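The structure follows.
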Amino acid sequence: MTEHAYPTSLGASTPETISLFGHDLAEDLMGSVGFGELAFWLLARRRPTKGEVRVFEAVLVALADHGFTPTAIAARMTWLSAPDSLQGAIASGLLGGGSRFLGVTEDCGRFLADVLAEHAEDRPADDAPDGAWDELALAAVRAQREAGRFVPGLGHPVHKDRDPRTPRLFAIAQEEGLLGPHLRLFAAIGRVHEQVLGRRLPLNGAGVCGAALADLDLPPALLRGVALLARTAGLLGQIAEEQVHPLARDIYLHVDRASTYLDAESEG
Amino acid sequence: MTEHAYPTSLGASTPETISLFGHDLAEDLMGSVGFGELAFWLLARRRPTKGEVRVFEAVLVALADHGFTPTAIAARMTWLSAPDSLQGAIASGLLGGGSRFLGVTEDCGRFLADVLAEHAEDRPADDAPDGAWDELALAAVRAQREAGRFVPGLGHPVHKDRDPRTPRLFAIAQEEGLLGPHLRLFAAIGRVHEQVLGRRLPLNGAGVCGAALADLDLPPALLRGVALLARTAGLLGQIAEEQVHPLARDIYLHVDRASTYLDAESEG
Amino acid sequence: MTEHAYPTSLGASTPETISLFGHDLAEDLMGSVGFGELAFWLLARRRPTKGEVRVFEAVLVALADHGFTPTAIAARMTWLSAPDSLQGAIASGLLGGGSRFLGVTEDCGRFLADVLAEHAEDRPADDAPDGAWDELALAAVRAQREAGRFVPGLGHPVHKDRDPRTPRLFAIAQEEGLLGPHLRLFAAIGRVHEQVLGRRLPLNGAGVCGAALADLDLPPALLRGVALLARTAGLLGQIAEEQVHPLARDIYLHVDRASTYLDAESEG
Amino acid sequence: MTEHAYPTSLGASTPETISLFGHDLAEDLMGSVGFGELAFWLLARRRPTKGEVRVFEAVLVALADHGFTPTAIAARMTWLSAPDSLQGAIASGLLGGGSRFLGVTEDCGRFLADVLAEHAEDRPADDAPDGAWDELALAAVRAQREAGRFVPGLGHPVHKDRDPRTPRLFAIAQEEGLLGPHLRLFAAIGRVHEQVLGRRLPLNGAGVCGAALADLDLPPALLRGVALLARTAGLLGQIAEEQVHPLARDIYLHVDRASTYLDAESEG
């Protein structure tokens, strides 16, 4: 008899077997379950369908790498300083996965989920036509504007007219029969926001990813985690590239050489 | 003309398109390329075959979660302290991915690659029968023993006779026609080491993963990265579970309550 | 002429000299400026007085180590897994410095600063007697209660009657002539909160540290940073102890051995 | 009777008191012990003398900030991405504290300690004149050269003739009577290395810090920790400056805009 017990559904071992979620890791999972599928299973604590895996992996592919983002630069700088610790470089990059650069996915999923929860009684039925969502979308955009808050998932610094990931993810979700209320509300926001905000903004890729993940019933508190998983692969790609085409030292020298003296006491 | 140029094959954007490795992210990759496939591509800087993806994903599945490892405990502790920062909890867990717990995959792949490189002239041909590798394996185990070093990938604290992941990964690699020199040398080490070490140890799962990844031509300096990617999914699973079945506080209280006073000055 | 310029008051070098804040690092700072003094200077961008240094260092000493906290356990776990990377173990522990365990210092300083800013017109004069602060304290506690929020800095799980750090830090600030409006408002909250909350709670050590730092004019957004600096020393102490009295493996084995199987699908 | 016990000399609490190393934190340490003194105590597990504190703090001051290093850039990038998580920005910067940029202090201290340990029988007596160390220094430099290894602590990319921190730290150690065998051997290396290497290199600041810390009897495995503690203060200074003079976004935009396409498949 032990005083403590720590119940878990995750990895467990006996001398002969290893299990995960009660399945035999070697015989039932290795070679049969894809990595995206397993990642979904770990996050949602249930095995996904094939269609769910396709949407989920499309999101991971969409979020994996965005080139020279601040997180990519941080990871390369850390690798330059401490090439003996790959884990440190990856962790350093992931730590930028906060409110600003990787947070839109989570913010958008959460915002849509909150609107749907507030309107659980009066929201369109699942088989309602698309236009039926416009009224709710209009109310949601108005409420944000009145509260002085941005609508998450609207606008992009580069893709000013149209983010190419957005129509593609809608199409994939449609193909898999997974166009749920979060994505449909998000699409409606894309149609109606101009009436409130006075200008047309694109639905961005990070936002549509959040909507699609929320339609897969992943918990809002973990949507940022999907972005982090995707970004781990992207950061490994950055370090793999740094190993064959080093840039970090050039960036560092550029910054160091362009430094000038600022008198702290004269600060406004 | 710009003074600086930072060439990259990774993510790039124009107002209309996003590309990755020169492919259109939305049209060519999302929905068509799996996440494991993309991760391989990012690490190896070349697109893998279907068979390579299956072996690679089997490795990721094998390494994703091993239950209450120190890294899982670290991630749960960090989440308990700072639940507002999921990226911090994941990074905290990944930072344990160093020499001891996640390092065997890299160490084993590197060890096998080094032995093969040293014997580039006199190693068995690719179509040689399995037994042809035993001599080289014997020499490699002897050299390690004489240098007072362990053979990476041999032995496991729990799976004392046989690690179930090992035969499974060999079988998957065989099915995909990817049983290359690293795996074959590793198998030979499994057959011959007892002659040198005087006792039979199992080929462990982390080791066979390293051998399989090396046969996929992934750079040795990035093998640890594969373990880190797998573990990111596992750590997200740990936090997903912590959110519905919290344990971290119980672990913390157990440790705190069992603390006793130690006089630092009396240390031996 | 360079296209870019990055002005900074911090470290700069010529072949002959190194400077920091415009001072000669070797001749003017090394051996003359204490580490706490330099840390204050770096955070506040102005050199502190002797009295300010004493209060600041008292705070750092108060926050450095609290024994087997979750952050200490995380750091020890990470060290166990990756003993080759001390920076990873320290970073792992610091990442718990978020909203819950290390955040009270920042929350309390910010709360007091906000109350003072809102009442800039009608708050007691600097030379008012202590009791003059009670009315403002009462209003602040009532406002928090009405908003359904806790008053930061009140209550402690162990020091239920009195946190020994609190009177000591008040006394040190008094001795140095640095008992400013934040500390005086905090003391008043200690006197009056029972009238609103219906029970007496101690002013805790993390809270009084936040009040004292706010009275030193450190920016609220950096108060958590003071806790992180203090904790870096504490975590180094944890790892120094782990090297001579290893415990992390015992903690890990305790958790691993007490793990039991939980069926994920049966979750409520 | 409890099954587990975790002995520790560090923080412990009762409802009335908090203790650290068996001392009353509030009454005996706060206001009486400086932060540098406490940090030394935590690392060495013994209370330092006043002279030891002065040398130790001079080292911390010397290592705190070196301007726009890769670690500073990483911390600023992470802060730009995730301004809600100061701990993430600091951790991100510390993770660069590995073999290359912050490692010289540890490498040099360890190198000197190893040479002294190998020559425990035939090294100069403590009161020997300076010149008595030259022979040992010559042997040590020769051995490194023959092994194809650098002598840690020799040479600096900017301070090509003389690192101003080096004579200053020697002078401070001398003033405090703490010029021990590590510093004296290091000084001798400075005098004799030209005979072996054929050119004169300066003893660098990171190296002399390692020598001075080794003379304070700090364990070699923790010397890197001293650099990490110093750098925590420096990184807080970088973030404090970023808050009032933001640069990270300019650096990011510079890199992003100067990116050009590289064909991965054409890599040599």
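Letters A, B, C and D mark the chains in the order given here, with residues in each chain numbered from 1 onward.
Simple rule for what comes next: contacts are C-beta pairs under 8 Å (C-beta built on N, C-alpha and C of every residue); 3 or more make two chains touch, one makes a residue touch a chain.
Nothing here was measured: the structure is a model prediction, and the numbers come from that model.
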Next item on the list: Enumerate, in label order, the chains that touch chain A and chain B alike.
Entry: C, D
Notebook entry, point to check: When chain C meets its copy chain D, do both sides use mostly the same residue numbers (more than half shared) or mostly different ones?
Noted result: same
Check: Using C-alpha centroids, which chain lies at the maximum separation from chain A?
Finding: D
Item checked: For chain B paired with chain D, centre-to-centre distance based on mean C-alpha positions, whole Å -> 32
Check: Roughly how many whole angstrom separate the Cα centroids of chain C and chain D?
Finding: 24
Notebook entry, point to check: Taking each chain's centre as its mean C-alpha position, how far apart are chain B and chain C in Å?
Noted result: 38
Notebook entry, point to check: Do you know which chain A residues sit against two or more other chains?
Noted result: 4, 6-9, 12, 45, 67-68, 82, 84-85, 87-88, 91-92, 95-98, 102, 241, 244-245, 251, 254-255, 259, 262, 264, 267
Notebook entry, point to check: Which residues of chain B touch chain A in the complex?
Noted result: 4, 6-18, 20, 24-27, 29-31, 33-36, 38-39, 41-45, 54, 56-58, 60-62, 64-68, 72, 85-88, 90-92, 94-98, 102, 158-162, 164-165, 167-169, 171-172, 175, 205, 219, 221-222, 224-225, 228-230, 232-234, 236-241, 243-245, 247, 250-251, 254
Next item on the list: Using the touch rule from the top, collect the residues of chain A that touch chain C in their complex.
Entry: 2, 4-9, 12, 21-22, 45-46, 82, 84-85, 87-88, 91, 95, 254-255, 257-265, 267
Check: For the complex, which residues does chain B have touching chain C?
Finding: 3, 67-71, 73-75, 77-78, 80-85, 88-89, 91-92, 95-103, 241, 244-245, 248, 251-252, 254-256, 259, 262, 264, 267
